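Heads up, there are several structures right after this.
Look for subunit A in each of the two complexes below; its partner is subunit B in the first and subunit C in the second.
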Partner chain A sequence: MSDEVEFSLTVDGTAHQVTARWSESLLTVLRDRLGVRGPKTGCAHGRCGACAVRADLGDGEPHVLCACLVPAATAAGGIVDTIASIGGPDGELSDVQEAFLAEGAVQCGICTAGFVTAATELLADNPDPSRTEIEQALYGNLCRCTGYGRIVAAVETAARTRREATR
Partner chain B sequence: MLLAAPRFALPETVAEALTALAERPEAVVVAGGTEVMPDLLWRNRSAAGFVSLRRVRALRGSTDAAGDLVMGAGTPVAALTSAPDAGLRAAASSLGTPLVRTEATIGGNVVSALPYRNLLPTLLASGATLELSSATGVRTVPFDGFITAPGRTRLAEGELLTAVRLPRHAGFADYTKVGRRNAQFVATVSAAIVSRHGGARLAFGNAGPTPLRSDAVDAVATALLDGQAEAGDLRAAVAGAVDPPEDAVASADYRRHALGVLAVRLVTRAAVDAGMGS
Partner chain C sequence: MTSGVGSSLRRPDGPAKVRGEFSYAGDLAAEGMLVGGTLRSPHPHARITRIDPTAARALPGVHAVLTADDVPGDLHFGLTLRDEPVLADGVVRYAGEPVAVVAAVDAATARRALRAIVVDYQPLPALTDPEAARDAPPLHPDGNVYRHVSYSCGDPDARGVVTVENTYRIGMQDPAFLAPEAGLAWPTADGGVALDVATQWLHSDQRQIGWATGLPPEKVHVRLAGVGGAFGGREDVTLQVHACLLALATGRPVKVEYTREESFLAHRQRHPGAIWLRHSADADGRIVSVEGRVLLDGGAYASTSPVVITNTVTLLQGPYRVDNGRFEGWSVRTNNPSCGAMRGFGVPQAAFAHESQLDALAAALGLDPLEIRLRNALQRGDVATFGQRFDAPTPVREVIEGVAAIPLPEGPARKAPGGVGRSAEGGAIRRGVGYAVTIKNLAFSEGHVDESTAEVSLCDGHATVHTACAEVGQGFVTVAEQVARTVLGATTVEVTQPDTLIASAGSTSASRQTMASGTAVHRACVAVRDRLLARVARAHGLDAAGLTVADGVVCAAGRPLTTVAEAAPGQTIRATEHFQHPDTHPLGSPEARMYVGFGFSAQRAVVDVDVELGLVSVVQIASCQDVGTVINPTQLLGQIEGGIVQGMGLALMEEVVVADGLISNPDFQDYLIPTIVDAPEIVSTYVTDPEPGMPHGWKGVGEPPLCTAVPVVAAAVRAATGLPLPAVPIKPEHIALGIGAAPTVTWTTPRPAAPDRASGVVVDEEPQDALGTMAEEGASPGH
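After this line comes the complex of A and B, so read on.
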């Protein structure tokens, strides 16, 4: 009996026809089948957030989720935006990414794409988050290098910069 | 059906899901995937296929019906963090992480049937009922007794959990748990309370092989709420009623003690809420 399923998936604006095992995770499909390496494999069980992507999987509003927890075939026909969709087409950094750089919120880098993805969603929903709200929004992302202080500061800086720019 | 393969089905309606399951009786029903995917990764379980409920729109969202809050089994835990029930909000808010809560569902939490699952003590304390759908119709059963052993339920073959019904009430409700650390932790033990009309109803997680409650415990909890019993009386009643597991996380003695502490803590919060002081 065939273990494979075929489905379409749009990743960072590019439509793909995917053939994968029915139990394969969205993260495996992104990284190993489509060569999309923005989402990282950290814990692979939904704790660290290194694989966070924004997805519209036809099951409600688009939202950030752990790609490692989603069976890829259940996302058939869905739209996935990774960290590559957050920066500009020629590699320009977003305001959140610039703030991460400016505040020294990046060390080894494995968690960064996930943090930026979660922080970008937070600021889209809440342009002026409190420190507590930032910590709650980033609760599903782990960083073993920075101690989180610089990351929270980066999100505060990004929020402030964006508010000042739109004033 | 959005996608169908010998070992996989992606239905859009409950009827399609029931048909897909009938055609693949060995398949695992997967909603958010937050439990099944790690289990497969770690080979804690095998699966002969998936019937996914992700795209069954009718299973998502909540409605009011005859005094009950009716939650579709596919409603994500994230939505429950703002549910009109304080016990459910507390249990949902401390489940996993925000990135897990958007995928994990109330139905998955119930059907996974493990005694430490966050939502279960709240459902037991609240007197929740479950809607189970099959090709022959829908039956409603109490949540109390639905779980028969860790990971085992009274769900019949070919049957799906389609909704969880919680009686609406104006009383006090809360949930609390303890674990080995303060972030992203699974409950070593947990407890939930619903308090109304001067009475207290408690339920416990990881206090036995299945979610557990006891009339004897509730009688002492109600007396404590009324100032007619001491905290030690409730701790003793809880210790006598529970049969907690012993494992690498904690001893049965620790769990028995901690369950008593949580019970007193919740009754104290209910007393404060009722204006009876701390």
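After this line comes the complex of A and C, so read on.
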């Protein structure tokens, strides 16, 4: 068996032909082979969420996962949306991104892409999450700067803004 | 003005960060770049009998393999004592010490090269007990004691009616910033080297790179790359020198990026320590005397150990008036991981111990924990045990009263103790409420020069601000923009990337950058504004003294004359200004001024504890902090909340476990930092009493919340369990099994202080010169 594998991968709407080692993670492929730097390397063992992306690995059910834990080859033919796919329709910030800025949920920012990705999925599924539901959706993401208070506030603000906008 | 000082102006780097487009050090890349790797000692103490890089050098794709023999300049570096080899020099003194570095075409080739380096070690006994190390044969030519301090004040043998004593232990905490160390170095056309790196202190890196490479400072160009958190852990050099050596050796750009495990091994941790304290008080709970002894484990190399120890020892008194005392401490060398700066810089250790003692005194006397603290609260004009007069606002009573006024949480607990990993079944859950109050020195201390320089330019209402102050996430970029908007009336502001083209701003640490670099920016803005007004005055034939700037408008005698943007079309007005705090002096100096200033903080914690499983949920922490002036309410809250949760981590879960010199949990699987589930509700209030001598009366705010959170969480868990809990982190087994000795309480015959000894500080033993090489060159730490 060759130590490399070739496969197709759609990232943020762009189709790529990827050649990677079998042992390479999806995170390594995104960052080092495709130059997609939105997902960050915090721990590379699935404990911090800085590399969170929304991925459809072929089963038609996209969900947020740690790119560092996915062997890239298992994503063959898959669709990956990173933080670069999150934003308003005309390129402006999404309501979640806007709320993260307004509430001070960003300090060093290395965790931010992961939090915004996870919070965006949460609000897509649950427009009015309780504090407990927010915690359940985000406990896989670590933040060392904020103490999480402003992040919870940002998610609550984004949810409220969206409910008011669609009322 | 909605964007000036006092507003919650948004971070200027925020939009890029929420889009995932902000460039961090780990994102750096360059054409033709090589990847660096580091071979680390697996032994905590060993003699290197042979290093053979021949096979590694012969591998295809390997461009350089460097050992100590290949360091062109001085082999040794360090923030204070300069005792640490850039690459191991015949002996390794901790597990993880760099032995060789490689540069190769890619990461896999670099890893192969590291495996191909032959190193023969002759293991030596590892000295990992700091108590034993103090008197053991030296592990290093510089000896095993980084610094010993000892002093007394008043009559240390004075006694009240009750005396309590205990020994408190603090575990090793990792800064655990989320972006591991990374940097990119390349050779420059002037024969020098450039480095883009995530750091806290560009000029310190520049100096230490210069030592090892043999290059003069002007040929070492350091520029800040995007920093993913720091908390003290990026104050020391880790990969900076290695990356530059590799770039110079290969003639190519070289990127070095650590894994999470390497990050644990490579950067300095918070000092673990043991603190013995004896407090004696009268029947009203007033402190009569305090005696304390501190032993901090500094690990294998000095880093800032000689500075940290005086923080711990001198602040054992807490935010309380102590007229009689005897204090002593050592920071020592062992074969454990090196310890250095982490947010709080020796004070969380002291705070945990003195606050535990205050509660023990209150319990012995049947006093309310707030009441005993109020009765002993420092006031402006009091004199510290180390001789310094508190000559600025000292609002200890105010922060205590402020926290007491915050309502307790109501209703049933929302979650069971145990966090993500384990939720208690319920049944044996008890609630506890605890209080803590702390003092934290702000800025560099003991004669270490605390200064910064800012260059500000203004053209058509657009201001550009340049300093060497490292933005590590804390929000200095926002503060600088707010100052430029307020003082200059600028409509747009750019805060440029810090580099070594401008003079040093010192380290982003010690809660000091708003005070130092913020003040330098303020001064430069004032100078630019005054030059602008002079031009406007000339053009209009007016007296400049009658002109002012407010909200972007230049006014003459209060009437709008022109806008800042239109006042001097096309002209760039520029000013560079320097700020330096008044001098400080070493402990025991006749000037009796060790510290620039102080911040005070009071907190109350409410916890739920499953007393059978030993699990804790922190329900709420209420905080009242002395902050000088609120510059940016949102960013201030971020500092308070972030600091509290880091302190809570040290109190309950975070510990670098070191067994026989080896870290057994160098990953986030086993080193637990608080998650969103662990984080409590935080209620934050402030005492705003402007700091004299500072623009807007601002002062540092970043460290006090952490210092207070450690003892306050411990106090609440004690209140819930009735256990003494003299060690942090408080582990489940400490609670479930009741581990830890209670304070010894002795009822004593009161003996008033002898009048002939009742004044002045006596330094019992001349402290060694701990200021080290950096102080001589005018920039050394001391937080």
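Please note the rule applied: the second predicted complex is superposed on the first by the 160 of 167 C-alpha atoms of A that agree within 3 Å, B and C clash if a C-alpha of one lies under 4 Å from a C-alpha of the other, contacts with A are read in each partner's own complex, and residues count from 1 in each chain.
Everything below uses one rule, namely that a contact is a pair of C-beta atoms (placed from the backbone, for glycine too) under 8 Å apart; a residue touches a chain by one contact, two chains touch by 3 or more.
Computed from a predicted structure; not experimentally measured.
After overlaying the two complexes on the shared chain, residue contacts for A:E4 are found with subunit B alone; subunit C is out of touch. In the overlay built on the shared chain, the residue A:P129 is in contact with neither subunit B nor subunit C.
When both complexes are overlaid on chain A, the residue A:C68 reaches subunit B alone and has no touch with subunit C. Once chain A of one complex is fitted onto chain A of the other, the partner contacts of A:R37 are limited to subunit C, with no touch recorded for subunit B. When the two complexes are overlaid on their common chain A, residue A:W22 makes contact with subunit B while staying clear of subunit C. Note: residues 44-45, 47, 139, 141 of subunit A belong to the subunit B contact set and to the subunit C contact set alike, using the contact criterion stated above. Taken together, the subunit C residues at the contact with subunit A in this complex read 8, 10-11, 13-15, 17-24, 26-27, 29, 108, 176-180, 226-231, 257, 259-260, 414-415, 420, 472-475, 634-635, 637-638, 640-646, 667-669, 673-677, 679, 681-682. Subunit B contributes residues 2-3, 5-8, 10, 30, 32-34, 36-38, 40-42, 47, 49-50, 52, 54-55, 57, 60, 76, 96-100, 102-103, 183-184 to its touches with subunit A in the complex. Contacts from subunit A toward subunit B in the complex involve residues 1-5, 7, 22-23, 25, 44-47, 49, 52, 57-60, 63-66, 68-71, 73-77, 118, 136-137, 139-141.
Interface residues of subunit A, counted against subunit C in their complex, comprise 21, 35, 37-45, 47-48, 50, 82-84, 86-87, 93, 97, 100-104, 106-113, 116, 131-132, 134-135, 138-139, 141-152.
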